[in-house]
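What follows is chain A paired twice: with chain B in the first complex and chain C in the second.
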Partner chain A sequence: MRAAAEPQADDLILSIREVKKHYPIREGALQRVVGHVRAVDGVSFDIRRGETVGLVGESGCGKTTLGRVIAALADPTEGGVHYNMDGMMSRIDRLEGKAARAFRRNCQMVFQDSFASLNPRHLVIDLVGRPLKVYNEATSANLIERVVELLEQVGLGRQHLYRYPHQFSGGQRQRISIARALALNPEVIVLDEPTSALDVSVQAQILNLLNDLQKERNLAYLFVTHDLSVVRHMADRLVVMYLGKVAEAGETQAIFDSPHHPYTRELMAAKPDLEADANVEVRGLEGNVPDPARPPRGCRFHTRCELATPACGWEVDDVVRWLEDAPGMFEHLVGVERQTDFAARLAFDSEEAAGLLSMAVRSEQVPEAMRAAMRRLNLDGDKVEIEFEDVGEIGLTARDDGRMAACVLSPEEVASWKRT
Partner chain B sequence: MTDTSQSRIDAEGMTADTAFRVRMRRLFGVLQGLASNPATVIGLVIIGLMLAMAIFAPWISEPNSPDPYQMPRDWGAVRKPPGTPGHLLGTTNEGGDVLYGVIWGSRTSLQLSLMVVGSTMIFGTIIGSIAGLVGGWVDEVLMRIVDVFLSIPELIFALAIAAMLGPSFGNIIFALAVVLWVKYARIMRAQVLQIKQHDFVDAARVIGDSKLNIYLRDILPNAVTPVTVQATLDMGNVVLIGATLSFIGLAEAGIAEWGVLVSEGQAGIASGRWWASTFPGLMIFLWALSFNLVGDGLRDALDPRTEGR
Partner chain C sequence: MLDAKHGGATVASVRDLKVHFQSKRGVVHAVDGVSFDIRDGETLGLVGETGCGKSVTGRSFLRLLPVPPGILAGGSVMFSAHEVCTGCEGTGCETCEGTGRKAGQDRSVNLLGIPSEDMRRIRGDRIAMIFQDPGKALNPTLPVGAQIAEVFLQHRTDELIALAGLPADTVGAVRRFASQSPRLGDGWLLSLPGARAQRRRVEEALATMVAGALAETQVPNPAKLMARYPHELSGGMRQRVMIAQALACNPDLLIADEPTTALDVTVEARILELIRNLQQRRKTSVLYISHDLSLVRRISDRVAVMYAGRIVEIGTTTEVFANPRHPYTRGLMAAVPGADTPRGRLAAIRGTVPELVDPPAACRFCGRCPYETSACRNNDPFLEAITPSHLVACFIDHPAPSGERPNYGRVTA
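Coming up: the complex of A and B.
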């Protein structure tokens, strides 16, 4: 992590710095850009030799997009991925010629869908031998032996050389993908949900294989997954993402012992744990992930957080979102005159409806934190003026124990929270 | 292959050409799929017979003029019915031997369909691939051009071009080639757009393979199935449209071509001389039918949902 001790230069492989990936939303005949989906919105972390970094989060949090940026399959909108080449850190999207090839060889990827990631018209020898051919690593004379060697390392063998991908089981296909990724002897492999399409028993085999290969070859993994039990087994460090940003990062065991971000806590509570007390109720996260084209201000998790405080970055959209769910209210809203994200006049179709809202917003019906965060609430005929304080971004900050979390609450406050 | 690896593979019952054998087995599977459909088999048999007729035309029906594609004229035997000695299928108004026209017409038709389908398939595939791969304004411009071509009915468009260039069979070939490439461009673009989204294309990019290699090894082989089917169907359709154009007089008069023969014979139908139009007409029908049968069979046999499973 950034706050951790300055990493040994020769130990560092990849350094992800403030990476953003925004996708334009186009509309109309002229394809005008009307907004951006902020899939990844400023993420930084490092990957060092021989370690496994787990990148976790719900679907849609941007973890797969980030994985693709790191594997150079997509260019970042802002920021960059820096690769340690002989002690020099250089941005991978600016590498050229030999350096670009060197990075390409050293950063490989295994995809989630093993069937889709293997060309259905190629035989195993073509699939696994291809990287060797691209870099002239093998002559036609020793190609077969090299491929057999790789297959044997992943638990397959010579008898599989001349088969098509569809003739294998899902687990075997993923082994073929891993063999292909290993062919060039890379430093780091991006594993994009490599086991989530597999049966549990097969999952364990693949995870053990990956662990063995890591020890043998001192590989670094970026393990992208939504499955916490898998990262707990695999990852040395975790990066927990929520809506394109890092919610929390640190040593895996430490995070599992005491999560410092309420989101991490909720994520872990949502996962049934075989070792945990059977009396503890398993419960999922409430509410939906907000639209990444218009992420919440302040802390992105405040819309779903049970621990939210007035300082979490409440905004006009929170009131609008609350109105959407309030029965008999939203249909009376005719317009939002927005001065900023934090101040607006809500226009209603009658004075009565406006009065009803200003009453409701003052009552127990809205979250207490939102009520407390409201700086101004004026009823003006059929309009309601509201204003919140702009608390700015709530970024990753170091905690006393050296870990990083993006939360206004202290670790003790998060830890002491008992679900009601 | 070194000697050691060769012998080791042999010891395990595998030879150097195992990959070749496995691929052949896959091709054989497609052929088996074709053979399991009776309609396709009928189509294949008819195509085989007509191809044989085209290839062996100089031996089956020996030409007696310097240009074998011109109908020989026997002015001593005009308007003879089928069964006349020396003129098994009868003769036309101008003493042309109908059997000769039918046999040499298969050669003309084969030339027409191979040249038109070959050139349109290659050109359309290239244009469609560029549009799909490059995208952006290049795609936009190419596809608007394709739209313009598609907005004019094939037959009318080809007729206009051929009429403008003057009556000749070569011009008919050219006109059809100009009109028909757009279908392949459309199909290919759609295929490329779909296939380049596949993970295996990304996997090849992660390896670091070149764009050309990714196109040739990953995208093209997975994209050609619908193009192949369309080409087979077009082998039949092209002859149908070509015959229509020569029927209305856009080929040279007197050429051994089925459309021209139908045209020459049609005046006599009312007077009971049915043969001069019927036999070449039947050939056009069989040609178009057989390629359509095989095209449909090919579509089923190459269906990605059933292929290779």
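Coming up: the complex of A and C.
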């Protein structure tokens, strides 16, 4: 089954289309579903033969979940991952029988924690040889030779065949994971933080190895990581995720030269590399990643963005979040009567507290953009009526040279902005 | 810059520290003759790979090593608490010979030799530690406020009683309550009308002090945070709680063991900024342990590079990063992917950190070093100065007792 709009190209391997993965939140004795954690909330991009796509973002942004959906370890809630099977794009969760087996052998995964992903009771020969046995690629007679061949490709050898995972160092265990992923000669490997548990010197060995293998076998990689220096080194294209959505996507070098999304800029500013000027100012992001069960409206990053404009989707929740952090205010809030996400009546236990809030949201204590987005603010006894501009979803817009970014600001505005 | 400001007095000096561990395969020389000084108000970065002994070095300051299997095989960790010079209040004058410290006899103690009660008084008060994983270091069964309060109860009983408005000579159950040393029956005594009121005042004073400590770390709404349990907080928030706890008593020395490794880069930058601000304000010395070179470069005044239980290079941050002299330091720096490194051409250091069971009398980097020669395999290099502040343990810069000397011009392996 194939929709007409799907991309068709011979060098395309995987096409991720509007993938959503929501996890239900259950509560109470009956385990009623009270909401959903929107781990991945509508992500699209393509992976082509022989290229490396980097997927970056903070922890909790959904990058690992997306990696698992792509490797068919989790089914998407909506949308789908399409796999190029002999020129036909087919959704992987609808594949059956032989086709499903063909996809599984062509899409492999390497996990972050090699302690957890290698069975401690199995010998290396079992770990690396199992895929070969399952797919009848090797008989017991030539299994050993095939495994040795694979081990040699990743820099291990025959002497390691009959050892257990705990007898290896972290770097060596990650090599075993890579050998296992290579066993069936896949087209694409999902690498989920393959080097974040390793030392830099060992990381360099593994990254070099992955590169050599890619050249030799024309492999495609989806490189999931939070380390920007690694992703800049490895990836041809980059997808930056924030809270389940793509903030920015495009050629790696172009993104590093001029980020079009403030979030990308913040990520890059938080970790200057070793070559950068030692005196370069470094500042991280204020605040926490918002709750993915109730993601902010408009642009999801507006709650932490220093460039936020009135058009970024300010809402009632932003006022409530501000109240939570203001000393001695949240205790006085007794109810929120919500008409929409953008308009509500906040009830307090005293007129004084209501007055304080209506003063505060008009003052410097809240971001200027938030004040500008406020359409109405009425103080009515112990209640405060508040209404913001109604803002729709801020989606990805196409920029020059195949770049995409989800920001209302122009690249020049993002680039020209200086920290105050 | 620090020497000028603080006169370069040392808050701690480690001399030939040796920590070994008994294992099935033999005695592991985890730390094998490490010496360095930490000066007043400076940040010393300690970098190296996993298993090179940097955490063990940090923990030995607080005697947090399991003994056995650990063996304190030798050396000393001398610590001298700040006693600010009365003449100049720390700015440096003639009476204190520019050190900013009270003149007189040496008041330093060997942390490895003092009785455990004395150690207990120093731990958390004069020397504090921030651990790598705040999820593990905080007690999951107590609200974070109660965990910070323990520091004050242990070390600040008198201030607590004064803040509660009670007479300084308060004794009995109330004082025991304020010093967290209850006796049988204290619960009953404290429930008596008079004592109950005093107890409540102590509790209020304690809450004020805890809220103050948390507010220092720039958390929003500290009063609300105090009642939360660690699992309710994000990683960055937990790390702030641990920093608040560590800095609660204004320590002279802070040991930070990979405090941001478990955090996101955006949060990491915030935490670093916080540690640096608090440190500058309070003139605390920091031993910053990390495997992340770019991070250590940003936060440290001086850097010590550790390899296989030894310090192989130590110097000011500028010296070490602009002119690394040890092949291992160079290897570490080259292994970090840079903007212009061609793909697949990262300079990896071959091999892995050697097992430190009965190491031979040779340079420990042998087998991984691209420049090694017979001199390296037959002699054990020790730290020698290149400039007064930059020391390296390598025969490239120092004469070897025997054999052919290595040089950067010739790759031998």
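Operating definition for what follows: the second predicted complex is superposed on the first by the 409 of 420 C-alpha atoms of A that agree within 3 Å, B and C clash if a C-alpha of one lies under 4 Å from a C-alpha of the other, contacts with A are read in each partner's own complex, and residues count from 1 in each chain.
Everything that follows uses one rule, which is that a residue touches a chain if its C-beta (ideal position, glycine included) is under 8 Å from a C-beta of that chain, and two chains touch if they have at least 3 such contacts.
All values reported here derive from a predicted model rather than from experimental measurement.
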Chain B versus chain C as contact partner of A:169, first or second or both or neither: second
Touching partner for A:105 - first (chain B), second (chain C), both, neither: first
Which of chain B and chain C A:215 touches, first, second, both or neither: second
Partner chain in contact with A:230 - chain B first, chain C second, else both or neither: second
Touching partner for A:199 - first (chain B), second (chain C), both, neither: second
Which of chain B and chain C A:327 touches, first, second, both or neither: second
Partner chain(s) touched by A:117 [first = chain B, second = chain C, both, neither]: first
Which superposed partner A:142 touches (first chain B, second chain C, both, neither): first
Those residues of chain A which chain B touches in one complex and chain C touches in the other: none
Contact footprint of chain A on chain C as seen in their complex: 49-50, 220-224, 234-237, 264-273, 291, 293-294, 297-298, 317-318, 321, 331-339, 341, 343-350, 352
Footprint of chain A on chain B - complex, ascending: 1-2, 5, 9, 12, 14, 18-19, 21-23, 26, 198-200, 202-210, 213, 217-218, 221-222, 308-309
List of chain A residues in touch with chain B within their complex: 68, 71-73, 101, 104-105, 107-109, 111, 113, 116-123, 125-126, 130-131, 134-135, 140-142, 144-145, 158-159, 161-164, 166, 177, 180, 184
Chain C contact footprint on chain A (complex, rising order): 58-59, 169-172, 199-205, 207-208, 211-212, 215, 226-230, 232-234, 256, 266-267, 269-276, 278, 282-286, 288-289, 324-328, 330
